[in-house]
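Shared between the two complexes below is chain A, which pairs with chain B and chain C, respectively.
This part shows the complex of A and B:
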């Protein structure tokens, strides 16, 4: 078991009170597993990714634990996390194209980063070049400024950089959203290759794009309003989803390869609840076509079959 | 209705405009009333430039754009204003289309000030409520609000409503879906479907092939500024003839097929050559299906 997260609660402090971005999230991640984290904007998926590396100073860790390789991560403590970042937990940020320092050549920037961690650039240089070649870049990019590279190239540089120290856990936050379809596929397949080659042990891929994450993830978790509502192997989530929210999300996805004619897909009415003061009971019930009285109480987490968990009263 | 005839566009780039970049090469397309035409391509393919030229936000270098048979190039403010009565655009980022200092419904007020100064306030309010209902928005929940209080989907639909206040014939929709969430994007897409039933022509510019497949009758695929394949959506997407179209379609993530099920490596494509040379001509391979010849 690589990662074990239990009852994680993370709030953002605002003038009006605490926004409960994560409200009791528990899951585990096996060695070599790629888990996809999907949901609408504002559901807490990026917060979940970032809270495991504690990248955002505004986050307040309220409760819960994260255990990585049998060792508890100090996710409430900025300073203590610093020693773990990059080596144990690493992230490819959402706007990685702007994550590179524009005033430094890429090689120099990487050298400075390594030095800050007490590592020598010379020692890592060969491995760095080998990995750059693996993603289709040449050693020459080390002498380039970020502005000289295309978006897809920058994305690949950041991917190599983030995984250079072989972290145990990698968080990939919307890494493909800003790319074209062909680049998207190349980047997504590189993530899988990094896992297969052992550069990272396990991975959380945060995305709003269900069809993309279905291509690369072993397991998919669907989040809604700060909670995980369904978790299952990728195949199961897409082929036989149980939670009404997952079903609605999949139902609202137009696809290539199907002929629609005059047929129209259905959207999900309404919008997610505000997390400043989340409703009690099932949080999806205001938009749910199946909602009934029992949904006013907290829904149980039902295990439909091994590895398939749903938080819904109607799961059976 | 709207017709582009052998349109070219070159930009001056580099220091003091010392270099030229040809962004659109010899593109001919047309949109009929009650039709959604999708222009699909990757970044840099010239698809947005086409939208900008139709909206006269940038000039046409060569060729012409006709609306109902007349050249649309406006000379002076009055002609331009008259043109925008008929053709309007909606863009990618709804949040930057509004001024955050003002309430979002100010966009309707500005239309009244410049196009309908004579209309009485009561009548105007009724018209605004009417178009809002037309785009499936509840006037009570979107009027008198600031942009940050509304969702991206609501803002995007308000912009479409604003365009509908004018009696437009053509709507240029440039990536209007890409910033929206999965749950609301389908609303905006379905709205485009309703607009075409009302007789509007929609130029739908997108990089997302699945959206194009869902909403449009005809599709144009662009690469390096030129059209590589065009025709009826069903034909182009089920039987792509150009290697570039095949590569694109193979890269689209789908729910009923995994990438790993596919066999072939991406096909080799000819590199970006001299863009000032006319692109290979389109040949008709089937009824309503054209493909650029191999060079």
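This part shows the complex of A and C:
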């Protein structure tokens, strides 16, 4: 068991009060597992990813634990987390295009970063070059400034840099969002390759693109309003989703090979609830076609079959 | 890069020619006649001798030829290093008058600008990550920047010179002394120099600190800072990067400031009766001294151009992004 998250609660402090971006999230991640984390904007996916590596200034760890390789991550303690970052937990951020210092040569920046973490650049140089070549770059990029690379190249440099110390857990946060479709495909395949080659043990791929994550993930978790509503093997989520929200999400995807003609793709009516004051009971019920009275109570988490968990009254 | 600098040099050269031409034209477009002024000063009542003197002065100043010829003569003299004769300090040549005032201005402005830049940047960078300093010291910076400079200078002169009596309030050195390379004179020079220096230093300090604070905060919030921190980079490294990138616009600001150095700090020099280029400029204008005015403006033009060029060079050296743009690199 690589990662075990239990009842994680992370709030954003705002002037109006705490926004409960993560409100009791529990899941576990096995060695070598790639889990896709999907959901609408504002459902807490990125917050979950960030919580496991670095809370930003407005985020506050309210409760719950995350245990990585048998060792609890000190989520709320920025200083104590530092020792774990990059070596054990690492991230490929949303903003790979601007993640590198624009006024430093890439090689020099990596060297300085390694040295600041008490590592020797010379020791890692060969491995670094090998991995750069693996993603189709040459040693020459180390001598370039970030501005001299294309967006896709920068993304690949960041992917190599983030995984250089072979972390246990890698969070890939919307890594494909800024790329064109061919590059998306390449990046997704690279992530799988990194896992297969043992550069990372397990991976959380945060995305709103279900069709992409379906191709690479072993498991998919669907988040809604700060909670995980359904978790199942990727195949199951797509083929036989149980939660009405998951169904709606999948219903909104176009399918290759189908003619839609005048038919419109289904969108999900309404908006996700505001998390400053989340509704009680099932949070999806305002938009749910199946909602009934019992949904006003907190839905149970039902295990439909091994590895398939749904938080819904109507799951059975 | 060579092509870039050649082009820059060409632009600067062109600017120089235009500036010098304007410099030639402006005093001549001013109302008033410097020769008439000289004549009144010498109170020549006799019409005949007055005419003779007018002719003499016109020839001396080269005003007896048509304007276009004056213009070319002006350029020719310029290349011989001849800036003409001052009307105000007749018969000293302009070059000497300017050269006498220049050291005072440079000694006053260079240290105050450079020091306030260094101290202000350091203060601003510290304030960017220290709440106490940010809330305590920066408001003072805002006040200092907002205060009218004249008022502050007079206040300093009043407190330091009159109330405390620690410093003299006027002059570049004591009138009892003659300039010489002796300890007494140097100490006296520094003594007179301190208050005007302090006033300039203090006023510029706040502006640099505020600018730097905002720039550093911006850099610390930027994506690359966040990414470094997510990879567990110690604060030291993140701050070093942020500082280095934040200082880039400040370099441009410094170059612009240094460019006007030779113009002198007019108000400072007036308030403290300091014998620099600023007070000289004022005198030149009030006595319609074409040639002195031209000479001083020429120095200002050269100063601005040289320092701007230096800024261009430094910027290209420290910021790879500008370099790429010049080489036609793609983003």
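Just so we're on the same page, the second predicted complex is superposed on the first by the 315 of 316 C-alpha atoms of A that agree within 3 Å, B and C clash if a C-alpha of one lies under 4 Å from a C-alpha of the other, contacts with A are read in each partner's own complex, and residues count from 1 in each chain.
Going forward, a residue touches a chain if its C-beta (ideal position, glycine included) is under 8 Å from a C-beta of that chain, and two chains touch if they have at least 3 such contacts.
Computed from a prediction, not measured in an experiment: that's the story for all the values here.
Student: Kindly classify A:180 by the partners it touches after superposition: chain B alone (first), chain C alone (second), both, or neither?
Tutor: The first partner, chain B, only.
Student: Would you sort A:238 into first (chain B), second (chain C), both or neither based on which partner it touches?
Tutor: A:238 sits against chain B, while chain C stays out of touch.
Student: Between chain B and chain C, whom does A:302 touch in the aligned arrangement: first, second, both, or neither?
Tutor: So A:302 meets neither chain B nor chain C here.
Student: If we overlay the two complexes on their shared chain A, which of chain B and chain C does A:62 touch? Say first, second, both or neither.
Tutor: Neither partner.
Student: For A:189, select first, second, both or neither according to whether it touches chain B, chain C, the two together, or no partner.
Tutor: first
Student: Quick check on the superposed pair: does A:85 touch chain B, chain C, both, or neither? Answer first, second, both or neither.
Tutor: second
Student: Tell me which partner A:129 touches in the superposition: chain B (first), chain C (second), both or neither.
Tutor: The answer is neither, since A:129 touches no partner chain.
Student: Considering each complex separately, which residues of chain A are in contact with chain B in the first and with chain C in the second?
Tutor: none
Student: List the residues on chain B that touch chain A in their complex, please.
Tutor: Touching chain A from chain B are residues 42-43, 151, 181-187, 189-190, 193, 207-211, 213-215, 234, 237-238, 247-249, 251-260, 266.
Student: Residues of chain A touching chain B in their complex?
Tutor: On the chain A side, the touching residues are 40-41, 151, 180-182, 184-185, 188-189, 208-212, 214-215, 238, 248-250, 252-260, 264-268, 271.
Student: For the complex, give me every residue of chain C touching chain A.
Tutor: That would be residues 222-224, 226-234, 236-237, 241, 244-245, 248, 318-321, 324, 329-331 of chain C.
Student: Show which residues of chain A lie in contact with chain C when the two form their complex.
Tutor: 53-54, 56, 81-87, 90-91, 93, 95, 98-105, 112-113, 116-117, 145, 147-148, 150, 158, 161-162
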